[in-house]
Amino acid sequence: MKNHRFVLFGAFLVMAGCSSEEGQKTAARDPLAPYPPTGVTREFELTIDETQWEVGPGAIYNAIAYNGVIPGPPIEVDAGDHVVLRVTNNAAKPHSVHTHVVKFTYTNDGTHNSVVAPGETKTIEWDAVYAGTFPYHDHGDEAEGTKRGIFGALIVHPPGEAKANEHVVVLADFDQGEYDSLPGVADPETGEFPDAGVYHGGHQYMHTINGKGYEDAIPAFKGKVGELQRFRVVSIGNEFHTWHIHGHRWLDGSGQLTDNVQLGPGMYTTFEFMEDNPGTWLVHCHVGEHMEGGMIADYVVTP
Amino acid sequence: MKNHRFVLFGAFLVMAGCSSEEGQKTAARDPLAPYPPTGVTREFELTIDETQWEVGPGAIYNAIAYNGVIPGPPIEVDAGDHVVLRVTNNAAKPHSVHTHVVKFTYTNDGTHNSVVAPGETKTIEWDAVYAGTFPYHDHGDEAEGTKRGIFGALIVHPPGEAKANEHVVVLADFDQGEYDSLPGVADPETGEFPDAGVYHGGHQYMHTINGKGYEDAIPAFKGKVGELQRFRVVSIGNEFHTWHIHGHRWLDGSGQLTDNVQLGPGMYTTFEFMEDNPGTWLVHCHVGEHMEGGMIADYVVTP
Amino acid sequence: MKNHRFVLFGAFLVMAGCSSEEGQKTAARDPLAPYPPTGVTREFELTIDETQWEVGPGAIYNAIAYNGVIPGPPIEVDAGDHVVLRVTNNAAKPHSVHTHVVKFTYTNDGTHNSVVAPGETKTIEWDAVYAGTFPYHDHGDEAEGTKRGIFGALIVHPPGEAKANEHVVVLADFDQGEYDSLPGVADPETGEFPDAGVYHGGHQYMHTINGKGYEDAIPAFKGKVGELQRFRVVSIGNEFHTWHIHGHRWLDGSGQLTDNVQLGPGMYTTFEFMEDNPGTWLVHCHVGEHMEGGMIADYVVTP
């Protein structure tokens, strides 16, 4: 929110001969084959800060976050890039950066000796040799840091990827005990005002899309008819979700037609569809309590 | 239960030349390719009514339901049919019909201006151009209506589908606060009788198959050796389930051998197997608490 | 722990001509085609005993278990084997053995008349005609027995299976009401010592890998660079898990690259990867509360 100290030092070296013949179906590739090195090194600076994060109007969360924002800034690279992260921990406890599927050695894992003590800076390195969308997140003390907001999305583009309108979706449940204030919504039965993120059986402001709860606070996703839409969805926390987009459908990773994909904590999916259906659509987690708790937004498609 | 005012106005126009060459593996088809229009329009009338629904002997739920039954009547059409639903809301709050995967415009989505106010009737239209089994359900006020029972299954048959003995399974969790009465099962520790659907750590009458809990209330599924069995399973509500059939196995949507498939809220699957194993088998959700809470039934196979 | 009365009576008859041409990708096989009979009968003796099971140092669980151990002994056979289990129930209530995917008749299902009364012995028989890893577990009284620890893994090797370093992983949640003692970890807020497996919002010693909680109690998984690693993961109980291995990746059953697979109760997966990344890695359920509750272990890879 404040504190967007996200720095891309940029690409230093680009290898020649980056072929475009891979603009075909990725299904034809062996998914276990790493992409060859691009020769490019991408550097990112991440800080870990305690912050007051506004989940929605009047709903203030005692958060810890990468660069002060929830989710942390997208880390966006090309498959084959070498990634260098300089991580500074300004919070009171040890934290780190762990991620998924990319290659790294044991000492760059975000656990053990790559955890960053309060006040320290450490550098970790990855080889992003597989394309896709993955969560990156704290691993300093099991799950406490991710509950407080220390997570984001890593995006690895394959060579020759089709041009698309991209949407990054980070699903997370927030710890109801960490709310500093909540909006003045009285319990319809008791007339009392909630103080811990939950009222009347629902889980108000608990379930978030990109760090925010409900349509009023979550910026609408936007698309245009005739544009390829690509959704990159990752999930983090304690809950299992089903991500539903009204009025649209796509193939999931196993090739099945769907409009509702399931993601447990630490899971991720990337899918796309050609936009052909204008209107203001709901996108939401299909779990009743999660939708009631904030995990619902608009997807506005213009003709 | 009462109130089965389900009307099929029928097929008006059948296009010639409905080929039967598609009785092959559906895997060969591009799952994103819509089926061509049949030229048939199917009309259905759905009412939304408050009702006392008997989940099991003595377990009365303060329900709201399509046509007074939980699940609502199956909406069964052929791929390529145009579907017209006339929805009348007899309940106290706004409700609607939303569904999955079929094509519809923004104004037929069951949200925004296709929500039906109390006392009103609205007509919505879909093109059922993809085959499969999908949930249809209320979207009037996020999750409240589905918790009360406003849901059902939509069945879209592909052309040339193999003849089978069909089983429709709608999994749902019920809101324990909405039980009006429960059977006289005393808590074994306290001797007290439950009044809210839960006792002794279990979730009695909370977890339902086709609107009912436990083998006594859920009509047994029935099959015969030598018959192709087709299960159409949809899930709605707050919970994730795993649907297990004893003594049988099949290929899931991604082609893996299984006897236990996972469905989160809003998810759906259709699978089939050739019956070869006579006996009285259990079918149930494999989540311990859900089985204990009612999500268990018999599947009786005769030789 | 004590009481490892696991007896393999051995193989009686081995058919000639066991071809090795199946050392290829199993993907090419029709997954619904049963493996032909090997002519081998494998006999196992299982007892069901009440026991005090040490989930971790000082955490004693009032368990019921096959052969006194949680999980029960692996039942390991070759695809095509006939399996005979002699089951003796030394516990106070009726219990049984049910399993998944293998072929058995209605009377060998672990329900109805194959449930074993206290003090009795019964024999059940299966044909293990499909390869994979599956849970076996009590079905005497719905979910009570599995909550207490009556479960294990069944391993069915396909012919020509590649030689690998095998890891069996049984994920289960334990019933917090059944702990007899817990380690002396005071609640940091109240100073009180927990007596039911839960403190401070976490679920201490609730979530187990192979019957144990946390790295101190769970024997480390071990591998070597250059060795094929095969993980056989099954899940049982009330919870959904995502099984994550740090620093590694593999293809899931549907052919997608992943490092984090989802398993609900009764689900199972077998996957493998060539080891190339030395170090001490974490393996854990990615659900925050489950990791905090004990479902976390080490995977030590030597060069």
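Order as written gives the chain letters A, B and C; numbering starts at 1 within each chain.
To be clear about the criterion, contacts are C-beta pairs under 8 Å (C-beta built on N, C-alpha and C of every residue); 3 or more make two chains touch, one makes a residue touch a chain.
In UniProt terms, the chains line up like this: A, B, C = Multicopper oxidase domain-containing protein.
For clarity, every value in this text was computed on a predicted model and none was experimentally measured.
Interchain contacts join each chain to each other chain, per the touch definition above.
Mostly differing positions are employed by subunit B and subunit C in their mutual contact, as under half of the interface residue numbers are shared between these two copies. These two copies of the sequence, subunit A and subunit C, are related by a rotation of 120 degrees on CA atoms, to the nearest 5. Centroid to centroid, with C-alpha atoms defining each point, subunit B and subunit C lie 32 Å apart. For subunit B, residues that reach two or more other chains under the stated contact definition are 240, 254-255, 262. Residues 201, 240-242, 244, 246-247, 249-251, 254-260, 262, 277-282, 286-289, 291-292, 296 of subunit C are the ones touching subunit A in the complex.
Of all residues in subunit B, only 31-32, 98, 100-101, 103-107, 109, 111-112, 130, 132, 139, 142-144, 146-147, 177, 237-238, 240, 253-255, 262, 264-268 touch subunit A in the complex they form.
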